[in-house]
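Sharing a structure here in structure tokens format.
The first chain written gets the first letter, and so on, giving A, B, C and D; residue counts start at 1 in each chain.
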């Protein structure tokens, strides 16, 4: 209740697939040495692109690794043809850069894998629908049928692909039929099956996973019980890229919530759900806006 | 993805309306003086009730105000008849207590008023469906038709009662027809109309409202713009009981999130939505579990 | 700068050792069963004690473990003699309680062990001097001479007891001469030597230690480096009671701070220092106010 | 206690005044338009400076205001003479920039004003001594004599300049004698006197102040009491630049801590002190590293 104006929520500003969106994002990483920023920004300026946001990070200015993300807009009549080749020839090759450019209007195509816990899934669906997540959601797959109705109520296709430890190989093949080549990102929104290295290689897109975290950590079986036995005062969640070693990939985002002796197991589950969905949503949002660069086993996150 | 067991989520444990739930909660407030805890706990013990949780607060042990909340279970064969009268005669009258008891199985009947912003509404609906909120949700009313489909997809009735400053009196009368007598709590989940003191008196249930908060506060028109102009580094949300003075009722819960110069207006709205829905959900959850006592214009919250 | 009154800080209210302070704190733990609160509160009331704060916790009302802390004041002319025996006979033996009572005026005698990092030490000294920590600080011991001048500037004795892995036995004997019997609590404020189980048994007082925490944890050598290599987004600190197994004792308090790729090693050290001193100060403050109960390997903390 | 190495704390790396420190920081603000980053980075590169960190912010790429901070190092044999003029002629005048450059080795000279509360002062002194704050502390002034001994124990001069509302004019003149021209920053570390606009103009350095904040705010007299009466659940602190309008200058940093009904007035004061000193230390640290740019009445803070 309040004296504010009672108007429609601000339009979420979701660009339609075919809509022209000017400019884009340039992502660069290379060995750090003098002149990188000058070379890149001069090239962009001379090409008619205007840098509207720029983030840099260097692990060590003297021979470390350099990361840069630039958002740029372009003037009317901007001519894109030939630019990528010119950038490679005039700038990137000189600094031995790894680089890529994303046009702002090209949204990432995303699929979600989920098991039976719905909290992370529903949070992503709701944020996607409200326009918070700059992505095209195309499919939800689950190894259980439970969440089909929820998914379809958002107008999304749902695929049920049962999987157990015993049927992994065949099930992964079915998943690959649905996923490979069609998506730029796979989100594991509490997907409780372990995916093989073979699957990770074949799917052709990065995967983001969410899992709980404790301070200190309790590796192995039944971490909730052991964390409670030790009486931890903080529980958390970690979103990370998936690598073949389980839960050891580059961390994108983490957050925590305080707990006490007064919280029973059900309280911890509820608080854990809240922190998991918040952390996963942030990680996915940053990824689809090209804010996350991976180097060795860690991330550089140019969050806002 | 992970090595945990892939099972169904824990059953939410929602008691059905008719289901017998043993025990309840006893809420007490009175002037503080020696012997209160002893008198109450002895009475409960002798009546066959077992105190499983007890919270107390005294504003000042020497003549201040005392608040207590006790959760108790009862043994099989517990005889309730006559107990309330006995408690009043033997304990409450002696300490001039204000008190009430809620049986644990009697869930509060809740209605939600909303305008067009859906974030608080959807968060409440989702938590209610997942069993996190110990309440019976019976109706959603809005002064706009926009959210009807969302509400009905949760199996809930939706009432559209248009209201503007000009049509307030008539609209409030219609709202009262739907609400008065039927509900124990009304939640204003971003309801953007001001309700009259006459309405508040007639509706016969407390109302909880959510609004944004800034540090320092910017009362009056367009607080977002003025907070941005001052460059605040923290934004927040406040859930409070509704009183006739707008946004001045007893505060139940508040929380904040950090912001910076890099957040534009749309970022602030997104972060504001997240903190609003979290704060409102906590306030509603504590209210329906009888964890909030009001004294003068402030609350004692026995949260877990 | 501001329009507030420019007066002396509020007196810290430190009670002098000989000063009479009415009342105290009663700590109880036992198997949970009906009637405990009633029995204890009736006893206190009939003995002339007035409960001004009461905290309880039960791990499970049906046969779990019950914990209670009661603060009470006493009326003039209160007669203490014989009360402990009466409580044991009339209440404690019936419920097989472990219990203890602390008179509010009897402050705990505390010693601090430190190596060369001064941040935790100075924070404790400053809070002690300002009256925040309800304890009598009697001695600071270090295995290095570096911090002697700082300690003495607070009017405190300083003992230099060198210790290395090789000289541990002899050094521990010297420490015991200074500590054993004389103190109620030993605080390890970044004391970088491992103390033997024999020492822990002989010193006759609980020890509180502070150490860094990462999410996930990195056990073993050089955790800072490995945490940075994994790119953690959260670092923290854990204060715990010392047991013979290194860093595995009951946790009293934990807290965290966000970090990013932009924080270099020196930043992490600075942020780590801040969180360590805050967490240790809270843990010590709760311990000296008898707010921490230990059960199995976890704590129940009745913090305010 | 722990298995880490027991070595000296890492040297704080405080550069001595005469020591050569390569490079510096360039601060720029101007109306946003295409080509700024390219022009500045090309100039620096061609002058032999290597950009090691760069932060930008634009209020609106289309005609808004643009802010940039660049840290750079220089190669041996770097020739500084003539560079400032060249930058002005070749770059700054073209974009109508306001700009300044700080050599990294030139530490800001800082004075502190304090009344009787010591928490903010001692925190600054301790961080300064530990090398966390990149500044030269030259003087502490107080309108009370109480803290002289503490200040002198850090090897710093202390000036007692009594001031009341009645003696303001004369006292300000005395303060100006001690301060004007000699310092680059004045920190009001709980200085409880209001300084006149005349003083602020004459002192020739920015002033940073710390004050408590409540959510919602309680302007005017006795905010603590009124915040408690309303039952706020969050208290905070705000560090800001001082302008003639009391407590209305550009905000540099804010932070909060949760409170509850269980916190009495003394608890709130203790928690308020902790948050005040943390917020002030961050604001001062960012200022002396030239991380804060002021535009209209708000700040752009390029914190790490």
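In the analysis below, contacts are C-beta pairs under 8 Å (C-beta built on N, C-alpha and C of every residue); 3 or more make two chains touch, one makes a residue touch a chain.
No experiment lies behind these values; they were computed from the predicted model shown.
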Chains touching both subunit B and subunit C, listed by label: A, D
Target subunit D, source subunit B, minimum contact steps: 1
Identity of the chain that, by mean CA position, is farthest from subunit A: C
Subunit A and subunit B, separation of their C-alpha mean positions in angstrom: 35
Approximate Å spacing (C-alpha centroids) for the pair subunit A, subunit C: 42
Sites on subunit B at which at least two other chains make contact: 247, 260, 262
Touching residues on subunit B, where the partner in the complex is subunit A: 1-10, 13, 115-119, 122, 126, 130, 132, 143, 146, 153, 188, 191-195, 207, 209, 211, 221, 242, 246-247, 260, 262-263, 266-267, 269-270, 274, 278, 304
Subunit A partner contacts - residues on subunit C that touch it in the complex: 57, 213-217, 219, 228-234, 236, 238, 247, 250-251, 253-256, 260-262, 296-301, 303
Contact footprint of subunit D on subunit A as seen in their complex: 33-35, 37-39, 41-42, 44-46, 50-54, 56, 58, 61, 73, 75
